[in-house]
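One chain, chain A, links the two complexes that follow: it is found with chain B in the first and with chain C in the second.
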Partner chain A sequence: MRADFLDRHSRLDSPIHRLPAGVKLIAAVTLATAAVAIPRSQALWLAVLSAPPLIVAAVSRVPWKFLAGRMLLLEPLVIAMAALLLLQPDGGRAFLFLLARTSLCLFTMILLAGTTPFDDLLQVLRKLRVPALLVTTLALMYRYLFVLIDESQRMKRARMSRTFVNRRTRSWRVSATIIGLLFLRASERAERIYDAMCARGWR
Partner chain B sequence: MTAALEVRDLRFRYADGAEALRGVSFSVAGGESVGLIGPNGAGKSTLLLHLNGILPESHDGLGAVRVEGVPLAPDNLPDVRRRVGLLFQDANDQLFCPTVFEDVAFGPRQLGLDDAEVSLRVAEALAQAGLTGLERRAPHHLSGGEKRRACLAGVLACRPSVLVLDEPTASLDPRGRRELKELLRRIPLTKLIATHDLELVVELCSRVIVLDAGRIVAEGATRELLCDEELMLRHGLERPHILRHAHPH
Partner chain C sequence: MHIPDGFLDAKTAAATGALAIAGLGAALRQARLRLPARRVPLLGLSAAFVFAAQMINFPVVGGTSGHLIGGVLTAALLGPGAAVIVISAVLIVQAFLFADGGITALGGNVFNMALIGAVGGWAVYHLLSLAIKGLPGRLLAALLAGWTGTVLASIACAGELATSGTIDAASVFPTMIGVHMVIGIGEGLITALALAAIARVRPELLGLSGHEFPVAPVPSQPSAPTCPPNAFRRAVAREPVGSLVVFGLLISLGLAWFVAPFACPWPDGLEKVAETLGFGQKEAEHRAVPAPAPDYKMPGIRSEGVAASVAGTAGTILVFGLAWGLAGVLVHKSTRRRPPSDPPRENPL
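Showing the complex of A and B:
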């Protein structure tokens, strides 16, 4: 796994990348709020709202392929949620509207992550007086996600290099063990990190 | 003269009953560099965690450790943690912020310094660690040697008077090791270095302490002690190569 899979392309150079992170964050949240606020009878407005993110995406030079890939990755969740609407009478239009609306929000946020380094976003959240504990938690998550992924990959490789038979039930059992072990290691690491924080004055 | 670090009859038992330290006493004078060696599981890391009060968690018996003459107590821990800079074994545990700048700034910020002073300290610590220019880098994009030096910068930014290092050269390539060694040599602080890297001990420390099974089993001048082949082997160590052909004085 590439270590920058969360905010890849966020350090490119373009007029969009050079904008202050706060401006981008506020613009993205405003756009998402507007998209959510539009009533179903005004569906055309959604098309109007989708113009700015598309223009921004073009100017930012973040590859379309990357944006589309991210959308495909997350869209199944959106579809699964929206599909519940299909059970209602006349749910088809509601389904499409919800799908369009959610996709627009999703695209905006993917674009935000693709044009703004995560640590800049954290700085903005801190300045906006988002509770410090929440910002710290997000920062730690961002930092250790990679460590955790690396660790699970090393364990997976170690398992594969000693796996000689391919029997599914056994491999499930081994996977369960690995997940348990990963959890254990993560909690031990969390303790060591807390010690390291205390050693530099965390209270 | 009061010792920079003084430990008197330190005992510690983990919650699972394992006895890690069975009455450890030693002292380190100001400006001295001391090596702490011993086999795996001897209690080296556990001992180091006591030197700034991270252990024992219950705070019972903190007073067994004195820093510059003052016994540790719950109310002086913040001050002690600033004065005793601890470098952890796994750099990933210690670099917990999204960027190098943020990480090095963590300690100074905890001290309540203003932004200008924080930036000044970070710049100074990064220059000392030879990392100027990497401020914006994420820790997972650093090499092993850079990670280790970033950890050290984070500790130096708190301006400690004593450096306590846990396996500083572990898993570094020869260049990373050499750079770190030169860096440590240039830092004029009192140092206690726990390590298996006996050549590092020979080059940096005038005195060594051998710890085994939670007890100090030997203590003395580096060259003399490390040349005692029988003692070294008995405690899972060996006479380092650079002393193989040299005569002990």
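Showing the complex of A and C:
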């Protein structure tokens, strides 16, 4: 599996990893909501709120490199959207405040994902009476996400090893064809999965 | 277009959350009632497919690259109801697993991309492919629908950011919509190209018979399609009118609430003519029935933006109710189709 970098640290062992998933989920959502509710005049509260996630990150032994890398991956999107604030008068302070607030929420959510296996989160959703069809869809999506990413990379590698042309129009058509075939393979896989699910007594 | 945490204020987050839950709930209910059990894994696999497809990069000018969003592609293949579930699942996983898109903004993201982007784009796709038959029609429809879906979603997104007071309407609307008018071209092209690739192998997935094709379908498929031609589409893509009505209502409510207050304040054509010719005053004096909400502002509400939002929402509900009632009177009872009962589940043993 080549795409395991997406979800690598959620199964480490630490006091934080051993906490029930529901507790961590509620804590993260509460923290994000509180951060969103802080008005611009009370910006110092952000510093207070950022203490718990930093402590949790230290205790959980998720590598700092991973956390920082994920932040760096997502920050450009946030900055691009927040940069619109710089266009309006006295937007500089608002820009910095928004950036700080969003980064805090971002860090919290990355930490939640890094300390909680997704299956445990799904169990919590099931307990919260989220419709079973949605939970099943999410579970299957998580299970086959990595399989399909691998499959698309295999298709791309096979194609690249057979062609020398690298014009833009051509590469668009090739990539779109890969997407189309990926869907067909996914739908055929879904058929096989259904048979397998029935063989194991689903429903 | 994923809105991060902190960009939506509490009231906008709550309103979009309610709209998203209503839309996703309607789609899930419909799927539970009508989707055959055999198709349930397809939803999860399609969601994984959209995620994987979003990781395939398309080179754009000079070093930059873009990727597929996939709402219209999913809706064209599976139908709008299934697309709402699939795109919502993608957004939920992106928010929880990769912190891409905020947790408090999840409702807004689901509303923008699953409801407005996918269902709105699908409406364009569906109408155009009814108008122009055959594969060229489908591809042209996909091209335009991909663009429309992306731009519509960006309009809603800009409206939410402006309603929240995060960014001024004057800067967020032109930038957001301008950027997505360019991104939409790529989305439309990729959607059309991907559908063309699918049509070459399995034309029945697009509701086309194989004969319309100049290219023969690929003959050797070891894991041959296990369902007869068209069964796939029959099972997934035919959309009951009921859920379409719910989606349409939710989309118009959202647009009335988030976008209508920022509509252009200049007088429209008729008002301009009336001003020029000087019969505007006269018209006001001779009004037969006093308007309940003059100039789309609800009386008794102080804030101008909220007044326009409330008036817009109330108007939407009113017009919707009238249209629904009229349709009930005008459509003859016998022409209404009864929903077919669920096909019995096949026993694999």
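As a working rule, the second predicted complex is superposed on the first by the 176 of 203 C-alpha atoms of A that agree within 3 Å, B and C clash if a C-alpha of one lies under 4 Å from a C-alpha of the other, contacts with A are read in each partner's own complex, and residues count from 1 in each chain.
As a convention for this text, a contact is a pair of C-beta atoms (placed from the backbone, for glycine too) under 8 Å apart; a residue touches a chain by one contact, two chains touch by 3 or more.
Owing to the predicted nature of the structure, the values given are computational and were not obtained by experimental measurement.
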Quiz item: Thinking of the overlay built on chain A, is A:198 touched by chain B (first), by chain C (second), by both, or by neither?
Solution: both
Practice problem: Counting touched residues of chain A, say whether chain B or chain C comes out ahead. | Solution: C
Exercise. Please indicate which partner A:16 is in contact with in the superposed arrangement: first for chain B, second for chain C, both, or neither.
Key: neither
Quiz prompt | Which superposed partner A:49 touches (first chain B, second chain C, both, neither) | solution = neither
Practice problem: Check the residue A:119 against both partner chains and state whether it touches chain B (first), chain C (second), both, or neither. | Solution: first
Practice problem: For A:189, decide between first (touching chain B), second (touching chain C), both and neither. | Solution: both
Quiz prompt | Partner chain in contact with A:57 - chain B first, chain C second, else both or neither | solution = neither
Practice problem: Using the superposition on chain A described above, determine whether A:67 touches chain B (first), chain C (second), both, or neither. | Solution: neither
Quiz prompt | Partner chain(s) touched by A:109 [first = chain B, second = chain C, both, neither] | solution = second
Exercise. Take the contacts of chain A with chain B and those with chain C, and give the residues found in both.
Key: 118, 139-140, 142-144, 147, 189, 192-193, 195, 197-199, 203
Practice problem: Enumerate the contact residues on chain A facing chain C in the complex. | Solution: 6-7, 28-29, 32-33, 35-37, 70, 74, 77-78, 81-82, 84-85, 87-88, 98, 101-102, 104-106, 109-110, 112-113, 118, 121, 131, 133-134, 136-145, 147-149, 151-152, 156, 168, 171-173, 175-184, 186-195, 197-199, 203
Self-check item: Residues of chain A defined as touching chain B within the complex
Solution: 3-4, 118-119, 122, 139-140, 142-144, 146-147, 189, 192-193, 195-203
Practice problem: Using the touch definition up top, name the residues of chain B that touch chain A in the complex. | Solution: 49, 52, 54, 78, 81-82, 85-86, 88, 90, 92-99, 102, 106-107, 110-111, 138-141, 154-155, 158
Quiz item: Okay, in this complex, where on chain C does chain A touch?
Solution: 2-10, 13, 24-25, 28, 31-32, 37-49, 51-53, 55-59, 68, 73, 77, 85-86, 88-90, 92-93, 95-100, 102-104, 166-168, 170-172, 175-176, 189-190, 193-198, 201-202, 205, 223, 225-227, 232, 347-349
